[in-house]
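Note that the chains are named A, B and C in the order they appear, and that numbering of residues resets to 1 at the start of each chain.
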Amino acid sequence: MKRWLPWTIAGALLVALPFVYNAPYPLHIMVVILIWSFAYTSWSIMGRFGLVSLGHGGFMGIGAYVTALLWNHAGMSPWLSIPMALLASATIAILVAYPCFRFRITGHYFALVTLALSGIVLQVITATRDHTGGSLGYTPERHQGGSSIYALQFIDKETWYLIALGVWAAGIVIWYRVERSMMRYALEAISEDEDAAAAAGVHVTWEKLKVTVLSAMMTALAGALYCQYQMFISPDTVSGISISLQMVFAVVVGGIYVSLGPTIGAIITILLAEVLRISFGTAAVGYDNLVYGVLLVLFIIFLPKGILGGLMEARARPQAATAAQPKASRA
Amino acid sequence: MLAVTDLSKQFGGFTAVDRVSFTVGKGEILGLIGPNGSGKSTIFNMISGTLTPSGGAIAFEGREIGGLAPHRVTNRGIGRTFQIPRPFRRLSILDNVILAGFYGQGRHSKKAAQAAAEQALDLVGLPHDPHAKVDGLGAAGLKKLELAKALATAPKLLLADESLGGLDEHEMNQAADMLKRIRRETGITIIWVEHIMGVLMRVVDRVMVLDHGEKIAEGPPSHVARDPRVIEVYLGTDTQAADAAQTRIA
Amino acid sequence: MDSIFDIYLLEALLNGILLGGVLALLGLGLNLVFGVIDVVWICYAELIMLGMYGMYYLHSVYHLPLVVAGALSIAIVGALGVVLHLVVIQPLLGTAPINQLLATGGVLFFLQSAATVLFGIEFKNLGLRLPVIELSGMFVSYARLLAFGAALIGMVLVYLFLAKTYTGIAIRAIAQDRQIMGLMGVDTRRIYLITSAVGGALAGLAACLLVLQYDVHPFVGLSFGPIIFMICVLGGLGNIVGGFVAAFIFAEIITVGGLYLDLEWGYVFAFVFFVVMMFIRPEGLLARRA
């Protein structure tokens, strides 16, 4: 009861926020932060187990483009096309990840194979420019009459804020579900020693595939949501290596092993980009990535657990030190 | 319970195991010994699924298991330990064993897995403090954890790659007694792989000796220890060890 | 109808071989660094991009002769390889390889943005009009032929360096067994630095050849980066011969595929081929890990 109280209060405050304060620009920034937080959380669900995928830009692109294409070309409601996008994303994930896991391609080998995936999704989008608009981008057609639940299009930012908040919260809940599940035990074990995990009875390929498909589908949902909210997508903003690396970067900065790490990462990176944009205007094009790049290198060298992870560890350390003492005397 | 027939393994042109046959009866402790490179680890790995046999059959409870994936072998009821303990350091000691209890028995509830884990930890004599970390364990403790993980998978047959080399005399005896006690309390069948004879001879019902991938002797410890071929290829290099083995058996 | 079709196909095949030479060169530096240091430079294509800018500025802006500009560009990117190793890789050598890969991902961001800030996002080119050669009805660009030739020479030089010089032999030995060579008194640090320099220089050479045919812009690395990584993975990371073979296969797929559809489709086919190969011949991927 007591443990839930702060969460409930924080949740209520977040839900109440747009009804009290609804200036369009801050609300827009918050929606963007929530959507990306969800995408980064999706990545970290598998990334935290050493399954470092650089293919998530591809999954995000699939989510965004499948949804938009089915709407424009087939008039299919996002309520139907988003599940199809998730299914497509899951299929691609299985196609690429299964041989990797079956033949034990792990670590940086896995990162490289998945890197090819995000590169190729970008190429496909560009190559099919007759249908997707290529690198110029793509706009889902506006539904007549503005906001529509059927078209999942809303003019007002408050609705989007609540949708994004709900999806983001679902992402955090999934994170905790994984954290508390036996799957976490299996994946922690696998990340250390696949043979020993198999000897304990763990079906290594299956467990890895499950978490990969989960993560890929969540990421595709983030892509679809981004598309519906922004009403404009381009290969560079929802797919490709840059987006994949951006996910890794934000998660590493925020903290890969903690539930809110990816969210913190999203807040920091997006606010940084906005501050640079507002203070320097168009002169600052490229400056945000410049700072990201340097920060990513610095974080990996000096603070690999991320800001939130590092803070939590620093807080836990005095306790751990006292807890370790009696054990030492026993030995 | 386990019937191995004409089991062979070639690596390229090299024959590591050459048509070895043996059986293990229910509740038995079989010692599998041989010098380094004699093929005992290869046999062990073929039974546990890590290696696929080049020829021959491995029948466990009447069903063929040769070539099955390691996790399926575990789920069928064959638990294994690794010679060098391979704990999961990111999990606590208890969670290591809960993991084995959960997945080893083909996934049932976490509660049942926890109960199985606590039982296994009791059996090997490790505390089930949920916060105790693997890093706090010494060499003997790690071997106990390795054993507890295997036991938590509820095996009918335990493949113990013991290698007590890293332990002192006292710890060796403790480990041997533990295997004996486990058999007594659970009725598990055990294959104990070892490259030194020593304590093993005191515990096992039957010994099989391998050399260069072939079986050269099989029988009760006292009998095998007197076998001239065994003394020649195995103990002959170290007469003191042979004497020690003889006195222990006596 | 048939004969025209054939000549186009033949032309595409020939162009594929020429492209293969360049791709093989692109993969060579990355493979070398991976084989010796066990590190993947994700920012490899961005080093090439900097080399292309080097060529552009030295030749088109400062009017240095092409050969001089090329030599300087190679030296500059080689030096960048050393800096990359000292600043980013060396502090991370003891940690998981994935950390090194991600850190070079940070460098990728940094270099892209630095190029955007310093050079702008406009497409730039040398403005060279190299002739097209006609070979019995087939058209082959002189730039491609030149690139192919230079790539071959570069690869032969690297081969000779690895096979004949003391340092080269030490590099190959370290690629075989990192621990042993350290124990035998080979200065691993020095070998790593030399490897990084050579890896960078190869990126520089690739840059000189690419800039003859393509425009340079800050994101040009993204267009051929994935293909380089696919080549290296399929050939077996660190396996130079494997990378070589994979480069030619990919080049043929891209050009012949691009003949019937757009060039991007060539890339898509290459990727499909890559995934299929992973299913049927994972040994290619695992060659060095066994």
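We adopt the following convention: a residue touches a chain if its C-beta (ideal position, glycine included) is under 8 Å from a C-beta of that chain, and two chains touch if they have at least 3 such contacts.
Bear in mind the structure is a predicted one, so any value in this text is a computation, not a measurement.
Trainee: Between which chains do we find the greatest number of C-beta pairs in contact?
Mentor: Top-ranked chain pair by contact count is A-C.
Trainee: Relative to chain B, which chain's C-alpha centre is the most remote?
Mentor: C
Trainee: How many angstrom lie between the CA centroids of chain B and chain C, rounded to a whole number?
Mentor: 50
Trainee: Which integer distance in Å separates the CA centroid of chain A from that of chain B?
Mentor: 44
Trainee: So the centre of each chain is just the mean of its C-alpha atoms; given that, what is the distance between chain A and chain C in Å?
Mentor: Averaging C-alpha atoms per chain gives centres 31 Å apart.
Trainee: Out of chain C, which residues touch more than one other chain, so two or more?
Mentor: Residues of chain C never touch two or more of the other chains.
Trainee: Looking at the complex, which residues from chain A come into contact with chain B?
Mentor: 182, 185-186, 188-189, 191-193, 195-204, 323, 327, 331
Trainee: Going by the contact rule at the top, pick out the chain B residues touching chain A in the complex.
Mentor: Chain B residues touching chain A: 48-50, 69-71, 74-75, 79-80, 82, 86-91, 95-96, 98-100, 102-107, 110, 113, 131-132, 136, 138, 149-150, 153.
Trainee: Which of the residues in chain A end up touching chain C in this complex?
Mentor: Going through chain A, the ones touching chain C are 50, 52, 54, 95-96, 99-100, 102-105, 107-109, 111-113, 115-120, 122-124, 126-127, 240-242, 245, 248-249, 252, 285-290, 292-297, 300-301, 304.
Trainee: Which residues of chain C touch chain A in the complex?
Mentor: Residues 40, 42, 87-88, 91-92, 95-103, 105-114, 116-117, 121, 218, 222, 225-227, 229-230, 232-233, 237, 261-262, 264-265, 267-268, 271, 274-275, 278-279, 282, 285-286, 289 of chain C touch chain A in their complex.
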